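Next come two complexes built around chain A: one with chain B, the other with chain C.
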Partner chain A sequence: MSAAVLPTSSGGGRELSNPPSDGISNLRFSNHSDHLLVSSWDKTVRLYDASANVLKGEFMHGGPVLDCCFHDDFSGFSASADNTVRRFVFGTGKEDILGRHEAPVRCVEYSYAAGQVITGSWDKTLKCWDPRGASGPDRTLVGTYPQPERVYSLSLVGHRLVVATAGRHVNVYDLRNMSQPEQRRESSLKYQTRCVRCYPNGTGFALSSVEGRVAMEFFDLSEAGQSKKYAFKCHRKSEAGKDTVYPVNAIAFHPIYGTFATGGCDGYVNVWDGNNKKRLYQYSKYPTSIAALSFSRDGRLLAVASSYTFEEGDTPHEPDAIFVRNVNEVEVKPKPKALPAPPP
Partner chain B sequence: MGKKKKRTSKVWCYYCDREFDDEKILVQHQKAKHFKCHVCHKKLSTAGGMSIHVLQVHKETVTKVPNAKPDRESTDIEIFGMQGIPPEILAAHYGEDEETSAKVAKVEVPSNLPVSGVLPGPLGVGFPAAPTYGAVPPVYNPALPMQRPSWPAPPRAQSWYPPQPPIPIPSAPTVLPPQPLFPIQNVTPLTSTTAPGLQSSFQVGPPGLPSSTPPSVSQPLFPITSTSSIPARSSPFLASTLPATIASSSPTVYKGAADMNSISNTPATSGYPAQSNQGGAPYTVSHMYASGPNTGGPSIGPPPVISNKGPATQPATNEVYLVWDDEAMSMEERRMSLPKYQVHDETSQMNSIDAAIDRRISESRLAGRMAF
Partner chain C sequence: MAKLPSQQSLQMESTHGSLLHELKIIWDEVGESEAERNKMLLELEQECLELYRRKVDQANRSKAQLRQAIADAEAEIAAICSAMGEPPVHVWQWNQNAGSLKEELKAIIPHLEEMKKRKNDRKNQILEVVEQIREILIEIRPTGYDLSTVAADESALSVRRVEELRGQLQLLQEEKADRLRKVMDHLHTLNSLCLVLGKDFKQMVSEVDPNLNETGGCKNTSDDTIERLTSAIQRLRDIKRQRMEKLQDLASTMLELWNLMDTPTEEQLNFQNVTCNIAASEHEITEPDALSVDFIKHVEAEVLRLEELKNSKMKELVLRKKSELEEIRRRAHLVAEGDTETEFAYEAVETGDADPSLILGQIEFQVSAAKEEAFSRKDMLERVEKWLAACEEESWLEEYNRDESRYSAGRGTHLALKRAEKARTLVSKIPAMVEALSVKTTAWEKERGNEFIYDGVRLLSMLEDYTTMRQEKEQERKRHRDQRRLQGQLIAAQEALFGSKPSPLKNMKKVTRTFSSGPSRRPSTPGATSQSDMPQSAKSSHAHRKSDDGSGLSAVRRDLDATTMPRKPFSPVVSDSNMPSTPTKRNSDNAEEEIGTRKSCMKIEANAPVSVICQAEVIDMPKDMEYSFEERRAGFVIKSSS
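Showing the complex of A and B:
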């Protein structure tokens, strides 16, 4: 695939030029502009202007970078397999190590509400860092919170933090009181958790597994709240008597409509309406597994990382690429409940 | 989904004339499209039930069945699946592929016949196939010999049977879908006892589907393969299947929501190809039959198509293959363990150098060269 200078207009969206040279672990749009931050297995974090299709900055790490997030439009944080949590400033190109874990850092999030960076690692801990402090791990670390297992995914909404670990554990924290989890839950899916994302309206979270399924959960533990929860199958292929079930690697919520997109190892991106329990759209198949998805702050763009996720080991695969597509309303807007032909 | 299907076309909806692979899907369709309350979306079991519900609960009068064709809108007529359809309408529907139905009828009867002679004409579908195996060979020579050996192969290959042998195969439409099923079953029997096996099987199967063997033959016909809905192995035919779902790969199923299906694919309304077949030969069935009578083109069954459905109906008997089945590790952890991703940070390097130096020192001490 050519990282052509000219945008290739295709059903998949515009392909970003100068993509990373190895797999993409995550990508995120900024909350302030159409800047896209991309972390990769090629040990870099890159900043792109997605609309202009221009690479604006690149930061090297000591190992594959497994996650990244924006602080504001000028700086960001990264989680690397070299056990470090780094901060970098785009304009000056400066970077420094905010702190370390004992094992690869898998997730990083920045909470505006708490003004802290939160990281989850395979060392089975969650750490909170205060980026305003002077640099140096001893000054910035706010707290370390042990988890039952290796952390696989994190998501924040308002004051709530959801942590999904190996062994299907799910811990829900209130950032205002991290001494212990607000809720200790178990994933309602029977298979390994892949990704967890909170609803923009803060009432719950979506959790996906390696078994082609997504569970829609709610924070409200009352019966009324729990009665709304459900799960659905997706990203599966059925042919010749065999069902092939793909991991659902990524979930991204549309910031305005609250509908969400899921991306799986089958190369498809589906958009769902969680309230009406329907699929709204399916984009045409991407060249390889979908590793990450992100909607821009206005919901007009969707960045899709079509990047082989090694679900079948180290095999030859389509080149890893990032596609930025313009989102049409019909693809993401919930439809009012359909009425059958009205009786006269 | 192990019911016998009507020969000829598959089941269809009285209200809108859409066709479905099996009755269960048809009923789900009716409940979702015709028997659903437009106010609260509750699915009822009949049109009449729906109108009573709307009247009692929402105080509204429903006079027409939603999404129904103009002359099928009455809520008085009690339809459930294929039951309750007035005979004249039933006949009119099937009258469209009269030839096929006629053939079908004949198929059932002659099934006992060993073939040849009788078959070609009316049956086309089932019989010709049978004969090929056993009796026919003389007739279809060119085709036959080739096919036998090829059977075992195609099945293994899984779905894409090269269209080659059109072998009409026994029960046309329905049979094909089962492809996947058959290969497994048939391979052996096919190879070993073609003729005898076939013939006996023919006699057995009413609609002409002689249980396993023949079906395998059919596979080649329908390259499309059935996807989902592959019925349990045990039921040879009817498999509804074949939904061309191949196109859309990820069928999604929402608990309880039928709508997901409609999103994926195909407008099914393509209905029965059988109609087009009437002309006889439109298919790819190439005429391995060669010489043979045109029997069957149509009977073989609607070539591809298919319509609706599928995903939702996957029976639990489908084999499930998890692309990632390692419970202990995530994909990223496994990837990290690859040599190319090993992190060589300074500390680890320093550690190894330190270790090497320490070793040298202790060796020297032992050798007496250094003071402790």
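Showing the complex of A and C:
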């Protein structure tokens, strides 16, 4: 295995130059390279080469961009607060509107399995779009699926789609049959859902709330399957007998090890081993709340969006920054309980 | 037949004769027959006749031509005369004077020429006038005025026509002058309006018509221009009226506010120019920029400033009243716990959401209610004060009694002695006081139908507690006395056995425990003077326990100690941070923990029962509606309640 190409980074990692000028809503590594797609409240979607620390492209939108995702290494999709779902091509700089919702679009995902773009919006619907067709919302919309409440987070794995909404509803869909949710669930956490992410092995999903807690859930509804589920507290601060509890904004799974990182409003990123129920590592504190996390395709880089998420309303805050850090094996490798130390 | 000149005719005769003779000779020679000769002679004659006839015709014809020419000339002259509107006098004149036709013609031609010339002159005249008319018309009515009617008509060249046209021209010139005057007037009005309103005159004019701005030169006086000028003037008049009204409104508001807040005159003078116009009519306001946008904004800002001043004064007033209310309540020991409603009201006033005058009214009402309440409690409160003072003395006395050095000669010893004496008598009176107070309180409560609350606690319960405490103390003391007796016996017995007597005083000191002196108040209020909270007493007795060196009385002591801690059941025990805890048990009050199995959760941090959610105050937004941070940041609000 070759050593990491990046120079040793200090503290929280290397800070990307030309970050967005307002809050960062999400960031994602590409599945094909070290390109990083960043969506921001400054109405732009930016494409960076994270290794080279170069801004490669920028797309302006009509309103704050709340989510973004890659299509392939050359194009991507975005969800904006101006109710549009857009598609853009990096090389040519072209962009067009794939479709619209009735209210700001909060989440966007691209399913390679189904070849469709899936968006969730505060208009309480989920929409599927086919980007291969001609342009225009009437041509590209595949279906609209009503949700019990405003959509807050989405995650895909294989053919499964998990939708988390306000009111702590969780719907699980099979992309091959979207007419009905496969499962209608309620979040096992008692507080508002912040983020949901499916396990890379497709057996379940992790759900985080505003109350410094993460729940580990499983799709298998049998007794055996449900016996594995649990929840744990995290991103809390204990002072003089009182706990201060922070929302957990982001969850990202390591593509290889299956361990995951969480980021909270306390500015910390923790890495957990879900199977062994252990915390593996805590990175040093970032300047402000963690808004988003993403591992690169080979798991060697972790992109951290240190960007105030307005949990306390409109107050002065640290500037928004993106840090890209090298990931050491010791930080992310699972630690099974009673095994001897692995060979160096 | 005209007579040829005789010489010529003679010549001709001879020629004619000789020719004939010659002919005759020829014929003789030839031998023409007589008939032939006659025929030829006849032919000759005929031919000659023919020639003569032709010449005569020619002459006739030229005569006719002449006549025709004359007639033409006459006709033309007549035509010209008629065109020019003059009587055809001259025609007859020549007819009589002239002799031959040629003479006539010769005479008439010059006249014709003259007439032609005159006609031309006249025509030119008319053309000139017509041209001028056209010019003016173009100026005045440039848009498609039918100019064809002004063409010079060949058939109308009379003097009258000239006069007509001249008259027309003059009218038009007058009209032009009129229009010009009008335009100038309008421009003048426009100028004065622009001045008052603080608008750019030149710009306004160029909006109407760019040409008008050029100084000198021809001004466009078309209907269109005039119309546009009038409408521009109208518009500006409207604006002026609007602004004037607005300014007058502002001025009257300003006067009201000045009145309300007794603004000093110097300040008022600054806006003299505004208030003096408060009742002016439209045409009376003429100073430059009197109604300009900037000026109005300036006045608006001043009004705003005054209103804010008024608001802040109101706020001050509200705060003052509030503190007054609090003072009254405090003095009457009416402190209400968590009066959230009024707190919100105060906050609303602070932020400016609520109308201070409304809140003021409410506070006034509350103040008077509080005053009344305080008055009704006066009597009771006096008694309570007395009682509390007595209790204080009681506790002081207890303290004093415990003080070993109280009899030693010192500075305040004699004073202390005196005080102790007084305290003792006072203490003896306490039960009676309490009894009386209880009776009075019950009566008061019955009358008012309300509990008598003292600093948030029901007085009767305070009294009860005190009585209970007292009883307990009494029991303690009794037990203590019995104890000592027993002790004494024991010691005597011991002494009998071992021959020494340990000092009774030493043990006694150790055994005395701190009573929580004074009445206990059920919800323990902070800042109580002679109070020691339950947990504290637990702590102190804890300390006592620790300092206790085990003597043979430890068993008894432990017994005592056990009873001194009447810890209220289920009251919280303040956990020290070093308390080990199993996560599961601890969090029984923290709703959900692990779902499904009770497996131990991640050992992450030390747990404590109280958790505070960091700023996730979801109650901020419209009630009953949960919003995410992103929704709040984007200003997204659900219109209908879900």
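Definition applied: the second predicted complex is superposed on the first by the 328 of 344 C-alpha atoms of A that agree within 3 Å, B and C clash if a C-alpha of one lies under 4 Å from a C-alpha of the other, contacts with A are read in each partner's own complex, and residues count from 1 in each chain.
Operating definition for what follows: contacts are C-beta pairs under 8 Å (C-beta built on N, C-alpha and C of every residue); 3 or more make two chains touch, one makes a residue touch a chain.
Since the structure is predicted, the reported quantities are computational estimates derived from the model, not experimental observations.
**Q** In the superposed model built on chain A, check whether chain B and chain C fit or clash.
**A** clash
**Q** Please indicate which partner A:160 is in contact with in the superposed arrangement: first for chain B, second for chain C, both, or neither.
**A** The answer is neither, since A:160 touches no partner chain.
**Q** Identify the partner contact of A:333: answer first if only chain B is touched, second if only chain C is, both if each is, neither if none is.
**A** Neither partner.
**Q** Tell me the contact category for A:309 with respect to chain B and chain C: first, second, both or neither.
**A** So A:309 meets both chain B and chain C here.
**Q** Now for A:268: first (chain B), second (chain C), both, or neither, which partner does it touch?
**A** So A:268 only meets chain B here.
**Q** Quick one: classify A:35 as touching chain B (first), chain C (second), both or neither.
**A** neither
**Q** Return first, second, both or neither, reflecting whether A:62 touches chain B, chain C, both chains, or no partner chain.
**A** It touches chain B, and chain C stays clear.
**Q** Examine A:282 and indicate which partner it touches, taking first as chain B and second as chain C; both and neither are also allowed.
**A** First partner only.
**Q** Which partner does A:254 contact after superposing on A: first (chain B), second (chain C), both, neither?
**A** neither
**Q** Going by the contact rule set out at the top, does A:82 touch chain B (first), chain C (second), both, or neither?
**A** Only chain B; A:82 stays clear of chain C.
**Q** Quick one: from 135-143, 315-323 or 567-575, give me the piece of chain C that collides with chain B in the overlay.
**A** For chain C, the clashing option is 567-575.
**Q** Please identify the positions on chain A that touch both chain B and chain C, taking each partner from its own complex.
**A** Touching chain B and chain C on chain A: residues 23, 25, 41, 64, 66, 81, 104, 106, 122, 150, 152, 166, 191-192, 194, 210-212, 230-234, 236, 238, 240-247, 265-266, 277-279, 309-314.
**Q** Quick check: in the complex, which residue numbers of chain B touch chain A?
**A** 33-34, 36, 38, 41, 54, 60-64, 66-68, 158-159, 179-181, 225-228, 230, 245-246, 248-257, 259-260, 263-264, 310-311, 314, 318-328, 330-336, 338, 341, 343, 345
**Q** Show which residues of chain A lie in contact with chain B when the two form their complex.
**A** 23, 25, 41, 62-64, 66, 81-83, 104, 106, 122, 150, 152, 166, 191-192, 194, 210-212, 230-247, 264-266, 268, 270, 277-279, 282, 285, 309-314, 337, 339-344
**Q** Quick one: in the complex, what on chain C touches chain A?
**A** Residue positions touching the partner: 575, 577, 591-597, 599, 601-602, 604-608, 610-616, 618, 620, 626-634, 636, 638, 642.
**Q** State the interface residues of chain A toward chain C in the complex, per the touch definition above.
**A** Residue list for chain A touching chain C: 23, 25, 41, 64, 66, 81, 103-104, 106, 122, 149-150, 152, 166-167, 188-192, 194, 210-212, 215, 226-234, 236, 238, 240-247, 265-266, 277-279, 309-314.
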